[in-house]
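Chains here go by letter, A, B, C, D, E and F, matching the order in which they are written, and residues are numbered from 1 within each.
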Amino acid sequence: MFSVTVRDHMMIAHSLRGEVFGPAQQLHGATYVVDATFRRATLDADGIVIDIGRATEVLRAVVGELGYRNLDDEPAFAGQNTTTEVLARVVADRLVDALGDAARELDGIEVTLRESHVAWASYERRL
Amino acid sequence: MFSVTVRDHMMIAHSLRGEVFGPAQQLHGATYVVDATFRRATLDADGIVIDIGRATEVLRAVVGELGYRNLDDEPAFAGQNTTTEVLARVVADRLVDALGDAARELDGIEVTLRESHVAWASYERRL
Amino acid sequence: MFSVTVRDHMMIAHSLRGEVFGPAQQLHGATYVVDATFRRATLDADGIVIDIGRATEVLRAVVGELGYRNLDDEPAFAGQNTTTEVLARVVADRLVDALGDAARELDGIEVTLRESHVAWASYERRL
Amino acid sequence: MFSVTVRDHMMIAHSLRGEVFGPAQQLHGATYVVDATFRRATLDADGIVIDIGRATEVLRAVVGELGYRNLDDEPAFAGQNTTTEVLARVVADRLVDALGDAARELDGIEVTLRESHVAWASYERRL
Amino acid sequence: MFSVTVRDHMMIAHSLRGEVFGPAQQLHGATYVVDATFRRATLDADGIVIDIGRATEVLRAVVGELGYRNLDDEPAFAGQNTTTEVLARVVADRLVDALGDAARELDGIEVTLRESHVAWASYERRL
Amino acid sequence: MFSVTVRDHMMIAHSLRGEVFGPAQQLHGATYVVDATFRRATLDADGIVIDIGRATEVLRAVVGELGYRNLDDEPAFAGQNTTTEVLARVVADRLVDALGDAARELDGIEVTLRESHVAWASYERRL
């Protein structure tokens, strides 16, 4: 199995509902350093999983729609917590949508959101 | 599949028995930067695998019982080498014990011990 | 010259006033990974600049008063932009205050706030 | 499952054929930071997957044969693009060859080549 | 003293003349992860040294003119070794030129080129 | 001012005397990731501060004499605490000695010892 990963980041505000979150129930924010991994069992005729430049552009477009916002005000997230795990899935699903037919060539995608130097979350989706 | 990872560290002394270890047969030490990954196929009602604050506390408790010690003197490790691989399993198993019933919600746990900027070891356990 | 650095982090929401900030004028947020450096020309009788455990506690206290907040609502920052540079100075000044007499032993302090994997800011203060 | 990873690097020149590569069709170069992961379901009698010193030596030998070269001139790569993905497989296959009988003890090997702080590729091979 | 640092990268081919360079006398290449630091004794009216977005754009323009090239063929470097140190100075000088009048506000600039996980070089210029 | 930095590491056991050290008074250990920085105001005829390969060899020799040892048993450290700060100075001084005449070309040297992902210490010496 081969994979290619590209990294970008987004800076958002949000709050989380639920006692388990303690002080994170208050409005605060995060920088998410976002790693998007694209997987293929075999390489294409050019010898790649996906062009790194193309992967970078697609990831930039997806994080660009999320960054510099207060996610508490985004209709797309109404009624759900925008935890690191949930946002990892959102980014992964939007990457698949953005890739369109190109996603059919992939065997899977994984997105990791690093919220600090000591905590991160991932979502892996088979394709 | 979702995962959450938290990072902590521990500083220990030890020696390793076996010619394969060369100079590491002498009493020396290591800082292990410890990454604990918790996996779940689906998120809970709060939208998480495990609360990052809770995961951080549990990991701190486990590494706190190992750090600032000479592992050669610890009865728990009598008769076995405290290699990076072995310690990764010890941390993983103790995390499962420390989580108690909460571990039942998980599909797996993985622990990585980074002993330097150029070497690390992992142990993955299905739950 | 000797120095000791310890790292912690804080997660905040804020917005910035001024056209130069572009989309960062909207309410968003950041994780700041905070490095606090303490400098001394000579070591004390124990052979240290400052105990790493003590430095860690003081830094945790300072970032704990800033994190999990919307800085736009904090009276301490009324009328000024909470840019990465400004916050670096705030953390440095609060560290000096928190150290009290111990700060007299130091020749300087520097605080770096990393807002992503590709951008950070520092403030250095002679003591 | 256990794993051990060691890191080294190599610095090469090359060019890539295919419009998808844009400016990377010109002769340029890369530092690849190379992570080699060795996997075993169980540990050996010494409590290891592979000795970290031994793994380091084998990896150094393999990257030593690739580094400080223009890969466009290497007969081994005639007619194929030396993309990050392809080179990850080359390193993995050469590691297996270099390990000889010792590779039989392993359940798998994975090689990651980091070409920058924002892009990397991996190849995983079951053994 | 305040500073802001932004990071980008460039991938180049080159060779170095001089016995001291050993195998690096052959045509090879490097990824340079480039950190550009801008220093000011005081902040401007917006509370910044330089806008991080602006700094990022300027750095991208400068590294864009160097990357994806064989530096041995660049007239700008005829007759001199494009060592990591030399390239750090080139990037710093070009940043100052690209900033134009804005550079007058700065007290200094420093550029660090990381050529691997174990080696880097810097050039610092007072302004 | 120019600088070149190379990285290596060493793994040692030790204990620290003094109540300030808390649990670190017990025999424990550390991996120190060691960064050695060499500074020169101007480059030599080859366009370098020091050859990176040469710097790497010298650093390896110095850390090789410290690693895989219990520093409590080393006569060189009798009667003093082997704190991170003290060891940074030891490495710096030994680098200067190992460089011999070549050190005369340098304007300064700085050594940073990273004992974990959240703590490090440096010693800077003018030459």
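Following the convention adopted for this analysis, a contact is a pair of C-beta atoms (placed from the backbone, for glycine too) under 8 Å apart; a residue touches a chain by one contact, two chains touch by 3 or more.
The structure presented is a predicted model; accordingly, all values stated were derived computationally and were not measured.
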Copies subunit C and subunit A - interface residue numbers shared by over half, same or different: same
Listed pair (C-F, A-C or E-F) duplicating the D-E contact set, over half by residue number: A-C
Subunit B and subunit F, separation of their C-alpha mean positions in angstrom: 29
For subunit D paired with subunit F, centre-to-centre distance based on mean C-alpha positions, whole Å: 30
Shared interface positions of subunit F, touching two or more other chains: 7, 24, 115, 117-118
Subunit B-touching residues of subunit D, taken from the complex the two chains share: 1-8, 43, 46-49, 51-56
In the complex, subunit D residues that touch subunit E: 7, 9, 11-14, 23-24, 26-33, 67-70, 115-118
In the complex with subunit E, residue positions of subunit C that touch it: 16, 18, 20-22, 24, 80-86, 88-89, 115, 117-124
